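Input: structures, listed below.
Consider the two complexes below, in which chain A is the common component and chain B and chain C are the respective partners.
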Partner chain A sequence: MSLLSFVLKRIGRGLLTIWFAVTVTFLMLRLLPGDPAIAIASTNMTPAIRAELLRTYGLDQPLPVQYVKYLGQLLQGNLGISFSQNIPVTDSLMEMLPWTLLLVGASLVVTVLLGIPLGVAAAARAGGVLDRLVQVVAVTGQSLFVPSVGILLLYVFGLQLGWFPIGGAYTDGTYGGAWYVSVISHLVLPSLSLVLVQLGSYVLTVRSTLIEALGEDYVTLAHANGLPGRRVLWKHALRNALLPTTTLIGLQICLYLVGGVILIETVYAYPGIGRGIYDAVIRLDFPLLQGAFLLLAAVVVVVNMITDVVYGLLDPRVKVGS
Partner chain B sequence: MISRPRLITAAVAVALLAACAPEAPGTGSGGSTSGNQVSDATLTIATTTDVVNYNPLVGNSRSDYWITNLMYPHLLSIGPDGNKQPELATKWGYDNPTSGYYEIKSGLKWSDGKPLTAKDVAFTLNATKRDKPAGTLTGQLTNMASATAVSDTRVEVKLSAPDSTVIPEVGFWGNIVPQHVFEPAGSVAKFANDGSNGGWVSAGPYVLSDVQRGQSYTMTRVDNYPLVEGGKPKAAKIVYRVFPDVNTEILSLKNGDVDVIANSLPPAQVKGLQGTDGIKVAEVPGLGYAHMTYNMTKPDLAKKEVRQALAQAVDYDAIRKVVLQDQGVSTGSSPIMPVLKDFYDDSIKEYSYDPAGSKKLLQQAGYTADGNGNFPLTFRMIYSLQDPVTTQWATLVKDGAAKAGITIELQGLERNTYLAKTNAGDFDIYAGNFAIMDDPATNMALTYLPKGAINYSYVDDSALNDLITRARVTFDRDKQRPILQKAAKMVRDNVYDNIMYTQNLYVAYRSDWSGFSVKPSELLSIVNPISVASATKSK
Partner chain C sequence: MTMTEPTPPVDPVLQAALPAASAVDSPARNTWRRFLREPLGVAALVVLVSLVFVAVAAPLLADYPTGYGNAVLSPPSGANWFGTDSLGLDVYSEVVWGARQSLLVAAAASVIAIVFGTLLAVLGAYFRRLDAVISVVVDLTLSLPVLPLMILVAALIGPSTITIILVIAAFSWPEVTRVVRSQALAVVRLPYVDAARLMTSSPAWIIRRHVIPAVMPLILVSVVLTSSRAVLSAAGLAFLGLGDPNTWSWGRILYEAQQAGAMSTAWWLPMFPSLAIFLLVLASTLLSTAYNDARNPRRNKS
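Our next item is the complex of A and B:
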């Protein structure tokens, strides 16, 4: 199968996945207790006014009619108007998504850059002091509760030491280069929290797969052929050991984008999509939630496709489309 | 050497990240202050939620209210004694039972230079009546037929039926919006007023100038604001910053990043902040109450003795002391709270905590306890898990009832499920809060008349209905007061509602700021327009 037909097939499958996600989201939201009129309207509303609100939202129509209208709207690239904000859903989402991508992206890069060398170091001296230390730290990190880590870091590095700002994504009133500097300084603590929590799984994954790889015949052969130990470790063994790590990266991007950073965004007052989804759930803002989950489904599909391609590049045995 | 596919992959990843990266704001004025830091200070206020809606006729969240309140004036405000005070209106009242009026200040202008006249007031009321936006004002206009600007400063309001509550309540709840901005937008229920058509227009002390959703809302001073002393707000800018987590919010106050925390502090945090250098804590009288209502459509709860037994099985003092840390005030089990000084009746006394008395009442009602002292009475009590205070006292209520031989099953619910069950009457006991109950006649109509929107007990007592209906058509306060007090006593004695307490609220600010003026309720507290416009920062 050619690369083009593979990609086309995956796109087709991806679209099917997105349609399925859209449909499930549409139905599940309408199964939730309550309705947007109750969630949004003032408590002194009469039943007649509440009914009028439902009519305005189009929720008085039969479910199939609502569904067909919604799909028709989607095909025109229209995600609808937020019930609570009365603004296009696309505008609302596009304000939030970049911040989440930045936070998840930055923490992921740091985690991978730290996690792989630490995993390699632990595997290279398996059973040694460093290995034990890395394991203890990694397991401890995995068991940390994100909000507690966040508050602790804010207290120490924000309030006591004053090294980093408390909350937000940038300093109001800054422009140009100063703005970018403020974005980075605001990014440090939330990213560090995510890194601390997720680093353990990378380190342990790399360590265990690398230890396994180091026991393979081809590694013994490489050593027998006189190749330098570092080269065998980093060039030959690690390449194979990275396959599960690649899967882990793909999974974690999906996990964190689909609401995994809500707690971090809440503690650090970071203006990302996790908080937006949480607020929309509270207000039963159906269009906003539908739009957010559509977007996230699309991200998951794309990330999975990229993971598949990278898998193929890393492992010559895995041929695209095979 | 790095292979080509890796280079391509890396380049694609970098390009994707760059494309998705947040954009820097365009070069602005820099928001710098002039040499005099006191007069041109920036007051930074922390809130826990984003603005949902910039249209004050729709918005319902606290942040919506706080920010739009600084731009769209109310006709009336409320004083520390619970009486309505002038804000935009200088006079208000009734010419006859079906015709009321507001006289507003003359010479006022919107921030774009257009005059603010009675036409804006009439437009706001008529458009709200017509389009039925989701905000609180809509519910207050049920008995309004129409509003007419008869001059630049006088609005006359025709009612569809005599109602003494319309003029004060509409004046208190309604923000006046600019006709020249809202009318061209069509329905006021659908107008986002998000500034996308050239920004906002204000007749308050500040106008919204920059929105960074999820992060901050910057408001710039309107130089001509005659409602504040000197005619000009003191702080040059107001920045509302969003901190969804109250712990982060408090760290930020301690750090000096914010000057005021607008939302009321959790009871457990108050004492800690009261003892913190550089921070002051202000007490704000509550204007609402926490209560339990007993669903009288259930046969057992339809019996007065059962409701009384339940009311006597609650240790109110313990709840106020332990859960509220002495920040709650008894209302004497009356729906009229002490803060409403003109109406409050201190002869109405709170139900005493007496589980043994509860048992006697149940025996009198014909119930027989089993060998363990338990009566065949089990009730399901719903409450919102998003309300930490109620969640705590719900357990105390359950324990108290158990001592009286009554079983209460606690059902803490996610907010929307709780609202849905409340709305459907799917509960035996409802536990919750009403945030603002500023007018007894209006509030009793909503809570105790058969078709009241928040009549969660489903009470329908013809004597009580008569009292409330009479109070609503009694325009002389001296004559209205005894009617409402009698109604309140009837509610208390029959346990048509079990009012637990009014919670006084506490807000914190940095001690280098002063000049705030406190108004009752969390919505007004120290972030009401006059207070914010009067606040100054010391050198």
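Our next item is the complex of A and C:
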């Protein structure tokens, strides 16, 4: 299998996943009891106005027709009008997306930068003091409830010590360099919360796959050839251990990070999609909820596709055949 | 005269030298004995059992928190062990009653997810044509962000305990199916299942008699892990205001604190429900790890 057909296959799979998400959303919106017309309109309207409203939104047509129309609208990037803000959902989401991507991206980078050395250190002396410590901390970290961590950090470092701001994404009225500084200082606590929750599973994966790789014959051979131990560990064994880790970033971390980011943005009043979802829940803004879910699903699928392709580039076996 | 004469005591040295001697006991008892030697696992079991006790005995341990109290946002004291919230309600009672709700949701959601997920996994493993469809649906569902999906459904149906349970169950079964399916596939290919096919034409009998028992240990671990994930999901939904508004849950205590803007002044409000969630999830993780290790001692070495 050539690399090209591998890439095309992954893209096809990604598109299938997005189609699945869209269809599930459509069916839920139409079949669950949250009738959009009821949601839009007050309960004491006359049947005539209600029927009129149903017609405007195309809700009087048969389900398959509605489905095709819905797909058509989505292809044009039309996610409907937000009930609460009265602007297109797409505009509202695009305003929030950069903040969420910044938060997720920063957490992901820090998790990887901390997770790989920690995992390598633990695997290099498996069973040692550092390894035990890393394992205990990792299992503990995995059991944390994201908002709890967020609130704890906010309380200690934001309120008691006053090192970091406690809400929002930037300081109003700052420009240029000062604005960037304020953005970073607002980013520290929420992304640190996400890192603390994610780091455990990342470190444990690096550790266990690296221990497995260190038991392989080629590692023994490299040692026998007189290569320095450090080089064998970091260059030879780690490269193989990184493959499952890449998959983990793509799938698990991405999925849990999306859940975590919604909760953490709520704690820190961070103006991203998570905070938007929280506000939309309170105002029962279904179009915005729907759009937010589809956008997040698309982001996850795209990240997955990218990691799959990176996997293909890292793993020469993929070029030969699956 | 009875047949159950006590077996002569085995010399411990001899027993250690002859591993076959312990094969007389059932595997379950062996697992249990090895489990009791893992201090972390036993501690986790004790924590879980006490949390379940708190949940069951909630009416005996605390009055249901309702209405208004007289001391608003007072820190922990002899009268209010965990302090009071912004309505003056006792946080200790809220946490105790929250345990009831959180464990109810977790247990109900995970039972539904396990039964449904296992059934699909086993049927898929046995009937290969079904398997293709099931595994595609599982793969697709597992690659979607679950929390936003749960939020959308819970918001559409309207928050209630039943909604929360169903929503969590609806998006937890694919994980169960994925885990159980891989094991069931291996079992179905074993010769004794082929032998069973010669004895009966009833797939239901073979599945019940051979496949389900073979995946049972996996299901036990799944129950614990799915429940603890369900607690986190339920707390997450409640924290976003999608919990049952009529019942106290750990997530709702945090939500109310956030709504009242009391997080910053009253550290005890987020602290105690957070600790409860943490203890429950940590104990579940440790328990399932200890059980796995006890069942398969070789795993320990890796």
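As a convention for this text, the second predicted complex is superposed on the first by the 253 of 322 C-alpha atoms of A that agree within 3 Å, B and C clash if a C-alpha of one lies under 4 Å from a C-alpha of the other, contacts with A are read in each partner's own complex, and residues count from 1 in each chain.
We adopt the following convention: a contact is a pair of C-beta atoms (placed from the backbone, for glycine too) under 8 Å apart; a residue touches a chain by one contact, two chains touch by 3 or more.
These numbers come from a predicted model, not from an experiment.
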(request) Go through the superposed model and pick first if A:L32 touches only chain B, second if only chain C, both, or neither. (result) both
(message) According to the stated criteria, A:V137 is in contact with first (chain B), second (chain C), both, or neither; which is it?
(response) neither
(message) On the A-aligned overlay, A:L152 touches which partner chain: chain B = first, chain C = second, or both, or neither?
(response) second
(message) Output check: A:V7 vs chain B and chain C. Expected answer is one of first, second, both, neither. What do you get?
(response) neither
(message) Just checking: does A:T266 make contact with chain B only, chain C only, both, or neither of them? Give me first, second, both or neither.
(response) both
(message) Quick check on the superposed pair: does A:I282 touch chain B, chain C, both, or neither? Answer first, second, both or neither.
(response) both
(request) In the three-chain superposition, say which chain, chain B or chain C, touches more residues of chain A. (result) B
(message) After the superposition on A, what does A:L16 contact: first (chain B), second (chain C), both or neither?
(response) second
(request) Considering only the touch criterion stated at the top, classify A:L243 as touching first (chain B), second (chain C), both, or neither. (result) neither
(message) In the overlaid three-chain picture, which partner chain does A:S84 touch, first (chain B) or second (chain C), both, or neither?
(response) first
(request) Return the residues of chain A at which the contacts from chain B and from chain C coincide. (result) 32-34, 147, 151, 154-155, 159, 166, 266-267, 282, 284
(message) Residue numbers of chain A touching chain B in their complex, please.
(response) 32-35, 37-47, 49, 52-53, 56, 84-87, 92, 95-99, 101-102, 105, 147, 150-151, 154-155, 158-159, 162, 165-170, 172-173, 175-176, 179-180, 183, 265-272, 275-276, 279, 282-284, 310, 313
(request) Spell out the part of chain B that touches chain A in their complex, as residue ranges. (result) 5-6, 9, 17, 20-28, 30-32, 49-50, 52-53, 55, 58, 60, 132, 134-136, 138-140, 142, 189-192, 194, 196, 212-216, 218, 239, 241-245, 247-249, 251-252, 254-255, 257, 414-417, 419-421, 423, 434, 446, 453-454
(request) Report the residues of chain C in contact with chain A in the complex, numbered from low to high. (result) 140-149, 151-153, 155-158, 228, 232, 235-236, 239-242, 254, 258, 263-264, 267, 270, 274, 277-278, 281-282, 285-286, 289, 302
(message) Residue numbers of chain A touching chain C in their complex, please.
(response) 16-17, 20-21, 24-25, 28-29, 32-34, 139-140, 142-148, 151-152, 154-155, 159, 166, 208, 211-212, 251, 254-255, 258-259, 262-263, 266-267, 277-278, 280-282, 284, 286, 289-290, 292-293, 296-297, 300-301, 304
